[in-house]
Amino acid sequence: MGSGQVSFGRTLVVAPHPDDEVLGAGGTIARLAAEGEEVFVAVVTEGKPPAFDPEASARIQKPPAFDPEATARIQAEARKAHGVLGVKETIWLRLPAAQLSETSHATVNAALLELVSRLSPQTVLLPFVGDMHMDHQLTFISALVACRPHQAEFPKLVLAYETLSETNWNAPYLSPPFVPNVFVDISDHLEAKLNAMEMFASQVRQPPHERSIATLKALATLRGATVMRKAAEAFVLIRHVV
Amino acid sequence: MGSGQVSFGRTLVVAPHPDDEVLGAGGTIARLAAEGEEVFVAVVTEGKPPAFDPEASARIQKPPAFDPEATARIQAEARKAHGVLGVKETIWLRLPAAQLSETSHATVNAALLELVSRLSPQTVLLPFVGDMHMDHQLTFISALVACRPHQAEFPKLVLAYETLSETNWNAPYLSPPFVPNVFVDISDHLEAKLNAMEMFASQVRQPPHERSIATLKALATLRGATVMRKAAEAFVLIRHVV
Amino acid sequence: MGSGQVSFGRTLVVAPHPDDEVLGAGGTIARLAAEGEEVFVAVVTEGKPPAFDPEASARIQKPPAFDPEATARIQAEARKAHGVLGVKETIWLRLPAAQLSETSHATVNAALLELVSRLSPQTVLLPFVGDMHMDHQLTFISALVACRPHQAEFPKLVLAYETLSETNWNAPYLSPPFVPNVFVDISDHLEAKLNAMEMFASQVRQPPHERSIATLKALATLRGATVMRKAAEAFVLIRHVV
Amino acid sequence: MGSGQVSFGRTLVVAPHPDDEVLGAGGTIARLAAEGEEVFVAVVTEGKPPAFDPEASARIQKPPAFDPEATARIQAEARKAHGVLGVKETIWLRLPAAQLSETSHATVNAALLELVSRLSPQTVLLPFVGDMHMDHQLTFISALVACRPHQAEFPKLVLAYETLSETNWNAPYLSPPFVPNVFVDISDHLEAKLNAMEMFASQVRQPPHERSIATLKALATLRGATVMRKAAEAFVLIRHVV
Amino acid sequence: MGSGQVSFGRTLVVAPHPDDEVLGAGGTIARLAAEGEEVFVAVVTEGKPPAFDPEASARIQKPPAFDPEATARIQAEARKAHGVLGVKETIWLRLPAAQLSETSHATVNAALLELVSRLSPQTVLLPFVGDMHMDHQLTFISALVACRPHQAEFPKLVLAYETLSETNWNAPYLSPPFVPNVFVDISDHLEAKLNAMEMFASQVRQPPHERSIATLKALATLRGATVMRKAAEAFVLIRHVV
Amino acid sequence: MGSGQVSFGRTLVVAPHPDDEVLGAGGTIARLAAEGEEVFVAVVTEGKPPAFDPEASARIQKPPAFDPEATARIQAEARKAHGVLGVKETIWLRLPAAQLSETSHATVNAALLELVSRLSPQTVLLPFVGDMHMDHQLTFISALVACRPHQAEFPKLVLAYETLSETNWNAPYLSPPFVPNVFVDISDHLEAKLNAMEMFASQVRQPPHERSIATLKALATLRGATVMRKAAEAFVLIRHVV
């Protein structure tokens, strides 16, 4: 810590839905991979339907349907995106393709606990607990249980990333604010991040939507400028043990 | 914004249970209606039993029963109260007459999303996420999803109101505090608010209970005095886009 | 209040799982009992398995099983521990031996409401809402509903205690922080507390685990030193009416 | 603590300016005095000019002048008000009749430290650190130093009171919020409080100003209703040692 | 409020140092002026030296010197920038060209109080109290006193703006966080804002510094995207009375 | 970062008064030195009088006097303590031996800026901004200015340490809470820390005072147990750039 060089070691990135890992930590993944670290991505749910249609989803009065075709498409997109970034392995937890809030807490806990036990990552990157989407909140909460520092082995560094189209839409001053205190220089890896995001054709939106390439770029510029770097990804530290 | 005149435009007030909309925003509704705005009230659940009886509800070990008669009575009360205030239309979402925490998150989201899509309100008033009752918290959370600013159309102004007998009973400094930053002058509409509340005969309590006419009056006096008005309703701003 | 002497009166301690009441308030219970107060302990769930085994629990992909034998053992431990402290009566709410998050909110509310109505405690001690374990959070939330100050009778003093191996493992600055403002001198009762904890043979861990005797002792020393006492237990005040 | 009876013991109320002690704790003082406790009031500064005139004070470009006559008048008012409440002794710290922010921190510390050492109060009531007026903030900060629990003797109970025309005017969510957790029943002492406030003829304002009798009454009604009492004063607990 | 159209009315922007008003609210100023509103800018201090040189300033061990030439230059820059934006009048408060923390609090209060009294703005825009620079904090605090809602006339809308190279450098989770809840669409005025900033040749820095044109642009893109606009400026609401 | 090994690099510890650096970071200093890093300690003020005597200091109504003899003694103590820990160099900033709040903000800024410029530390450890003592708060604030990430070179890692007899005595939930997120294992260096503290004979107190060897030990045990270590020092992360 403090060396100015990333030493995250073996790293696990947990994404509630495919593309969150790229939005929040794509540049960091690319940098870690380029520096020779092993990076794993765990996707908690089966994915989002390709075209989010509020009226349709409102009409059906139940969780968005995930037809096999859409699921296959988004998983194919993820494969390509992860290839661009240099991800070592992608794990699909395939939790019931509904919302996590309808899944038992113990089930999510168990899935993440098993994963952390098996991979023994030194560093874990999580979605932010203050994100608007309950899947993000519940993923964070269960992952934190899985990272409890009460055994011989546990992840030494836990960070939360920000997700455009989630983190900025929650309730100001009422939900936990994302105020970053860790900045990873991704000047040499922003291009890889944007390329990876473009692989998610079903998820990318046109500007001025937050989930657009232009906004991702603006965010990287801003986070970088805060610490005099051309581009950065920002995180909130949850715990670091040295 | 800033003009000293209310320009909320077409307004939707979301109430977890009938009477919350009057407790929190009755004066504002009356003022908006008097100034020619269309105000809609959406009641999320079927209502509360007329006489809240903790021992009874404890005995049965399950959600309070909502017998049809009680439901009919409270809906009749709401009709009269809304008439007093000048509400244009009352929408009953009739979510399962249990607690919202036993209803799937997606169902509540969908119901509110459909409503916001159909009515296209410019302004939405919500219960406060820090209220003690989980129905209030979950209504807030789902409504915020329905108000996401990610499409061509979305509500430009979102505010949270306070509810006597909920907002002040949560855990100080541990649940989100209600610290108002928007004050609506209801000096000319306090009487209408109190009249409307009196229509809810099954809900009003005698002082010194918080849900009494005397306490409502005291709150209006206090909120007004903070900004040199005879009476006001206070809100927490969630988002305003101009 | 303020007298420097404890005047909690009839006291109810609510524990999500057996041993939480000792970890958080064992010394206070012993002191109250020694000073002649009646202290009741309500245990919300059936208990924890004797040996927490993450890999096993991960494998089964569902809530930890509570075999009858383990349940019997931990209840026997609790009996001995409560005897050491001088607890007047232990109430087992026996909520479904799963996680509370899979139990209906209304059920937990009702169980605690019935308890508070029946015992009419003057003081109630709760687990902390910011603890990592959802059972702790949900117990706090339901108990607060049961303590609402809206009837002739209600608990006048409500405090939250800290639990080693829960309170310090949540997300810094994102979950509610435990910052104590009430300190109970347990200089003469620390030994009883540690003895009671030792009765929970299935729960105590070896140092440097947080749930060890050595850590409990260190915490008591620290909390005591903050207010110039040899040993203390610390609490966060929720509400006090005088 | 918890007994439902006030047991504050020997009490010191610290007021930045004369009248703050009545606005924030007048009913509690009257109740304590009626129950036989000794209550001391320490007024930190020399007072406020009788008629607050922003244009005048703006014109002179320096701290408001405190002419001897105005000072004498407000002190006479305080004498009468304190007589109504049953204050045992009023101490005038006479800190430089400017703003506290121009007085050395060590001077304010020393004055309050000497006071606390000499009076050995069991309970201390302070203005709220989140009040808008810097004198309130600095009084709180210095008093807290004077109450440090690091010697054999120190105040066992420290509470902060709210001040109409200060507490509600600071910056929502940016300055510390006043979220009360201690409520003192003043049903039998509200009249004394209002009478005492009326003695401060130079400070009372007409409604709908916050510093009016009508607003004080509304606040007492609201704080009372929150805990099912006809009238109450509300406080934030800083520290309690039992 | 809520109309989707800016109705700030007569507006006063308070800047601790010249250029803060452009960084934080330049687009909003341009939009207001274009829509026919009168916008005033008050600059509290005499300005910053053209080239900030930490080693030099460290060497001299006292507040940065403001030589007359540098002051003249930055004021000329401000004139040009304000011309670009359409500011109606620029007021120089010329507070002692040292740090505000060495100026008496009453002096700053008085200067701002006189200004607010004289201009009677309906809307006031302030620097953010959580900014790193003490001048920003003290300007905010004094301006809030000047805006107290306790007279017949007072500003109805008070907002705080963010300042690149100040707001993001304070202590995460320890100083008040900037979490915007008001967004002003400046899609048609971003160019004017950037042009105005370029007039401040002595203050603009090269990327990746935060105070560069590129970062300003990125921030406008991000704030806009959050609410589906091409460019926006974001604010935190302090108080709104309607 | 994340490697489980400390890689703070060249480190600067800033102490408002001699002994704060040992209380907060003595074990970390010893570990860094043992691992070959260069550690500098900067003491901001001239020190504290050997025997803190509130009545005396109250009597004199001004900042505690620092007689040359006491200053010499405490500096001698610091020399010995720093020798034990392996500090490379101790820098005495000798700021006016009064309270920092009477020193111009620019002076403190300049002194720390010069120091950081000259030493170019990779890591900086600061007192906590939420500590009760204003000297701690002001040291933090000025040091943060000195660490601004706006030049080619700046400290990459900034952490705040806790100080027994300061951090736990501020106002719960009203001043910034110390909720640690970085834990440094000092199992092999606790003894050195305690030895160093014992060198400060003029500052150490007897238990149960917070500034005693027994309390230091308890704190190290507790902080260690939270992360399954025999002993640890805990910090709050301010900023990390990698």
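A, B, C, D, E and F are the chain letters, set down in written order, and residue numbers restart from 1 in every chain.
Here, contacts are C-beta pairs under 8 Å (C-beta built on N, C-alpha and C of every residue); 3 or more make two chains touch, one makes a residue touch a chain.
The structure displayed is predicted, hence computed values, not measured ones.
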Exercise for review: Averaging each chain's C-alpha atoms to get its centre, pick out the one most distant from chain C.
Suggested key: E
Exercise for review: With residue numbering as the guide, point to the option in C-F, B-D or A-B that repeats A-C in over half of the contact pairs.
Suggested key: A-B
Exercise for review: Mind checking chain A against chain B and telling me if their interface is mostly the same residue numbers on each side, over half, or mostly different?
Suggested key: different
Check your understanding: Can you give the whole-Å distance between the Cα centres of chain D and chain F?
Key -> 35
Revision key, fill the gap. Distance between the CA centroids of chain A and chain D (whole Å) is 50
Check your understanding: Which residues belonging to chain F are in contact with no fewer than two other chains?
Key -> 149-151, 169, 172-173, 181, 209-210, 226, 228-229, 236-239
Revision key, fill the gap. Chain A residues touching chain C in their complex are 104-107, 110-111, 113-114, 117, 129-130, 140-141, 144-145, 148-151, 160, 176, 236-239
Point to revise | chain C contact footprint on chain F (complex, rising order) | key: 164, 168-169, 172-173, 177, 179-181, 207-210, 212, 214-215, 217-219, 221-222, 224-226, 228-230, 236
**Study point:** Residues of chain E touching chain B in the complex
**Key:** 1-9, 122-123, 149-152, 154, 156-157, 181-185, 226-229, 232, 237-242
Study note, to complete from the structure: Per the touch rule, the chain C residues reaching chain A in their complex are 54-55, 57-64, 98-99, 101-102, 132, 134, 165, 169-175, 209-210
